[in-house]
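Here the chain labels run A, B, C and D in written order, and each chain numbers its own residues starting at 1.
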Amino acid sequence: MIEAVRDAIREELARDERVFVLGEDVGRRGGVFLATDGFIEEFGENRIIDTPLAEASIAGIALGAALNGMRPIAEIQFADFIWPTFNQLLGEAAKARYGSNGKVSAPLVARTPYGGGVRGGLYHSQNVEAFFAHSPGLKVVAPATPYDAKGLLKSAVRDDDPVVFLEHKRTYRLVRGQVPDEEYTVPIGEAEVKIEGSHVSVITYGLMVHHCAEAARNLAQDDISVELVDLRTLAPMDRATVIDSVKKTGKALVVHEDTRTGGLGGEVAAVIAEEAFDHLDGPVVRLAGPDVPAMPFSPPLEAEFMLNTEKISAAIRRLASY
Amino acid sequence: MIEAVRDAIREELARDERVFVLGEDVGRRGGVFLATDGFIEEFGENRIIDTPLAEASIAGIALGAALNGMRPIAEIQFADFIWPTFNQLLGEAAKARYGSNGKVSAPLVARTPYGGGVRGGLYHSQNVEAFFAHSPGLKVVAPATPYDAKGLLKSAVRDDDPVVFLEHKRTYRLVRGQVPDEEYTVPIGEAEVKIEGSHVSVITYGLMVHHCAEAARNLAQDDISVELVDLRTLAPMDRATVIDSVKKTGKALVVHEDTRTGGLGGEVAAVIAEEAFDHLDGPVVRLAGPDVPAMPFSPPLEAEFMLNTEKISAAIRRLASY
Amino acid sequence: MDHGQTGPSGEQLLEMYRQMVLCRTLDERVWMLNRQGKAAIVASAQGHEACQIGSVHALRPGSDLFYTNYRDLAVLLSLGMTPGEVMLGFLAREGEQMSGARQFPLHGAYPKLGVVNLSNVVGTQLPQAVGAALASRMRGEDTVVIVYFGDGASSVGECHEAMNFAGVHRLPVIFFCENNGYAISVPRHLQMAVEHVAARAEGYGMPGVVVDGCDAAAVYEATSEAASRARSGRGPTLIEAMVERYLPHTSDDDDRRYRNAGEIEAARKRDPLRILRERLLGTGVLSEDADETLYAEARRVVDEATELAESASYPGLDGFYDHVYADQTGGAPSP
Amino acid sequence: MDHGQTGPSGEQLLEMYRQMVLCRTLDERVWMLNRQGKAAIVASAQGHEACQIGSVHALRPGSDLFYTNYRDLAVLLSLGMTPGEVMLGFLAREGEQMSGARQFPLHGAYPKLGVVNLSNVVGTQLPQAVGAALASRMRGEDTVVIVYFGDGASSVGECHEAMNFAGVHRLPVIFFCENNGYAISVPRHLQMAVEHVAARAEGYGMPGVVVDGCDAAAVYEATSEAASRARSGRGPTLIEAMVERYLPHTSDDDDRRYRNAGEIEAARKRDPLRILRERLLGTGVLSEDADETLYAEARRVVDEATELAESASYPGLDGFYDHVYADQTGGAPSP
């Protein structure tokens, strides 16, 4: 997965002079996850900028450069440190086009590794997608596979609006997958049915796509047919694909790693409860992280927080037999 | 309403030496909405602190003082300027107790005027409740009436956990109501059925309580009986009161001024779709602000953004006849 | 201070004065319209005109970039925004240039004038200006970016971050602080422990210059020097223009709560229009008659602007959903 | 520097040295445990011991407050945290004191020691420390609050805001910057445009003191002076202790990507243990034999701590939901 991210950025840097990278340790260190490994040698320190430790200004400088014709890719080292960017990303970038009545564009990408299951403890495991997805004017992308990551990141760089690009850090090394040699992009704003099925729709994104896919494969042996929808883009959300799936299956399970209350699953469930109500054969169920402040460090506590294939399978089973 | 807020703070300052106020212009100016009018004369500049213009540190200093035995009430002048506090409020304060395994408490209150309909334009009208309500460890309160405002604010000051206290600025002068002379509090965490009814449950909070109440009164004349639930506390949410109401009426309309996608209405709708599914006689409908970045300034544009009694009545009618 | 070599010519000063008169006349009018209930909100530029106009004249409108603050009416007029355009903003009418009347007056963007003022959020413009300078330099342009902000804004974390980055990368930025001694009601001694914001410049590796912001010529010179420093790759400068705010913070404020009459009286003595007028009369560049004419002309222009705006309609609802994203009707083209 | 009047006694220096030896021994052990796959993450204090321990000795453990950074193992040991407690944290076991193993080692709070380190988020401790000082002063206590942070943290907006507020209100805070020249891989010249973080102090109305952070005695003196300044109501001080980080940023880092061997070699020459050892041997306060004994004792203590932690179990799941709010099982009482 990390290779897909790296290749996408490198190709965009090579393709378009307006693209540049800024963030902490993106230069000689190559990024703490090596997303920009070797870039400073290849593109020079004018285009690969090691910033001071100051997230608010990383976002603000990226925004200023974007308003002035560039296409910055800002790396926020961990999503847990992204709060100081809200003033610039939610407050300013999201509203730049609307607030100028279309006079300016803010085509920046803010990439950040998020999510847990990597022994990151409270402050290297957080999920932040719900915050960004509640900000009209921003686009929010959270790919699950290397193919999607590369194609969506390239689309994000080319997009004329600010895009928050969320990379689940557990997928960086865990998830492998084919990525074509030839140039391609994946459009922002389209969910994908990753597995077709007829009994229960499971709607999810990011790392959970893989756990849900495994659960679906296991349950197939018990003749429970799961349709797996990967949102891929969280905002603007592809409601049509979600609704179509639920209309077909009549049952919906929404899954995310993020804590439950106020999470993105509420939005998905609400859309279903409103737009597919007449097709529902059971409650819209959410399976999500527990409502504790964040994911603890010690192994058993971390495991308790994280969803996994077993927890997901059990939830699907319960819903299927409703 | 503003008097209720002012009285609550003044009484708590008088009651408990650990309580103090900090924020921009809270001193001689008495706050831009006069929530602290006359306080500096009454309590002195050691307890009513005019801070530099720096929201991140207003929150951080309040947190540090709370950890060290005080009970600060921090005023963030407008909710639109609250993003820089996220690092301290969501990142630190919300996790202080959990992250120290209960060793420390962070009993601070962060008050802020929010919401629109006051010709505030993009940057003096925003709703921010959904962000705070997605942070386990924080409590979030959004009263609609003077009675609730005073009683809940006093509870917030006495609470041992960090509380974000949201005051809809349109209610400051618009809304009047009885407040008893004697000391009372309203418990955090309890919704209130403001109007009992049988056909449709309307779940809302803040300014919208008043528009919904008016709609309910109007619709009563057409024999549509509305049950109006005022959440009052947004987190932790009183799900039981919501569910009980929907079980009774079978229909639910969730209303908020905040933009729709990712708003708190999603959470409410999802809870209903999951926990009251068997009792539903119609889709769970959300009526909310439009998905544009924020509320525009020019009068007709602002009016287009805001919900009002007519829009709410129409939505209730549609749902009642489903 | 020596106004010789780098100082503005008499002609330039006269033009600055003309713009100051126009700004003052317009500013007084919008304040009046507010009191009549016609303009929802006004943040007056009165007292700040000399530093705003003096700084603009030292730069290159058309190629340089101007990250303005909400109190910068004089910057905008000096750059060529018309009083009619300004007035459309204050009355929130159709045709408003910077935000389509979606925002408070003077907020949004005016790309043709090189102006960006995205929001009301104090301090956010500072890192944006630094990013804009970085972009220009990456393309090898010799653009200078000036960013205006108040003494209150100097306390914001993003101000520190922006200055630090500009210092590290020696970016062509002029940090222009209009220090009027107040952030709404908060006076200097509660805002900072030092006399001058400029005292911070050294810690960012840039010069900090304190200048009398009521003296257009002095500001012109300080800005010229900062601009040539920036253009020659020597990096940013922090200019602190000491000015006075005689009026309440905005039309929503009541400054009697925190300022006494004597203090305001004293501040009025430093009226930049009076100072420049006396100088121009003294050097014979301006006559009493010509001064009268300037004011009469300003009143005429402002009358016209008012009529234009009052007869304009409010924006329609057709475009309400436009410009949320680029790929919607009317979305801005990619830059 | 004159170590006369205000300097530490030979006995004090010997005790500091003993703590430094213990810290180094423990630090090397946890690093080894990381390499064995037993400790998930380590941010080593090696190279920083003298400044951490020297500063603690100049303060009043028990009543002063210590807002620590993640690299401050020596501060914690000096305050009285036991090696066993430390080791429980590195192995994330039941009984860990600061966070119940919910957080990275050394994060959370240890109220009995006056220690708060809520999170891994760089810079957040600065305004919190300022708020703590404000609280103490409101109650009329003569507490001093010291807050430790790195050169990288100096760039964060909240650092500026915290220092500004402390300056305005002359709060009893010591801002203690452990400047090791790197923030992970980002070297000083990309972090700031000046040589020293201390150059910023003046802009906040406080003294800025640069001190050799490898010299425990010098740090002791500088901190003593700052503490007496703070206690006598004269406000905050910014101390910048120049130290070296010989090891990678953390056990997750690979510093060969951005530092050459020669540079690290040179840094090692400033090993604070060697420097203090030579001084103590020179003044006869320490003998080679006694030094051996100190190391042997440290190894014994660290062995014991390791055994204790390795034989401890992981926390159970019973308390997983505790301490989200006070009104849940086990919630902390109101302060």
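The rule we apply is simple: a contact is a pair of C-beta atoms (placed from the backbone, for glycine too) under 8 Å apart; a residue touches a chain by one contact, two chains touch by 3 or more.
Just so it is clear, the structure is predicted and the values come from calculations on it, not from any experiment.
Counting steps between touching chains, the shortest path from chain A to chain B takes 1. Following the contact convention of this document, A, D is the list of chains adjacent to both chain B and chain C.
Among the remaining chains, the Cα-based centre furthest from that of chain D is the centre of C. Chain pairs A-D and B-D differ in how many C-beta pairs are in contact, and the one with more is B-D. If you average the CA atoms of chain C and of chain D, the two centres end up 45 Å from each other.
Note on chain placement: the centre of chain A and the centre of chain D lie 36 Å apart, centres being C-alpha means. In this assembly, the C-alpha centroid of chain A lies 40 Å from the C-alpha centroid of chain C. Listed for chain C are residues 99, 102-103, 107, 119, 121, 155-158, 161, 164, 168, 190-192, 324, each touching two or more other chains.
Each of residues 51-52, 54, 56-57, 80, 84, 87, 91, 95, 98-99, 122-123, 136-137, 236, 291-293 in chain A touches at least two other chains.
Viewed as a contact network, the protein chains are fully connected, with every chain touching every other. Those residues of chain D that touch chain B in the shared complex are 65, 98-100, 102-103, 107-111, 116, 118-119, 121, 124, 126-136, 138-139, 157-158, 161-162, 164-165, 168, 319, 322-327, 330-335.
Residues 24-25, 27-30, 32, 50-57, 80-81, 84, 119, 121-124, 290-293, 296-301, 304 of chain B are the ones touching chain C in the complex.
Residues of chain D touching chain A in their complex: 40-41, 92-93, 96, 99, 101-104, 107, 119-123, 152-153, 155-158, 183-186, 190-192, 252-253, 257-258, 314-317, 320-321, 324. Contact residues on chain B toward chain D in their complex (touch as defined above): 20, 46-47, 51-52, 54, 56-57, 59-70, 72, 84, 87-88, 91-92, 95-105, 107, 136-137, 139, 159-161, 236. Within the complex, the chain A residues that touch chain B are 56, 80, 83-84, 86-87, 90-91, 94-95, 98-99, 122-123, 130-131, 133-137, 235-237, 254, 259, 261-270, 272-275, 277-278, 280, 282-286, 291-294.
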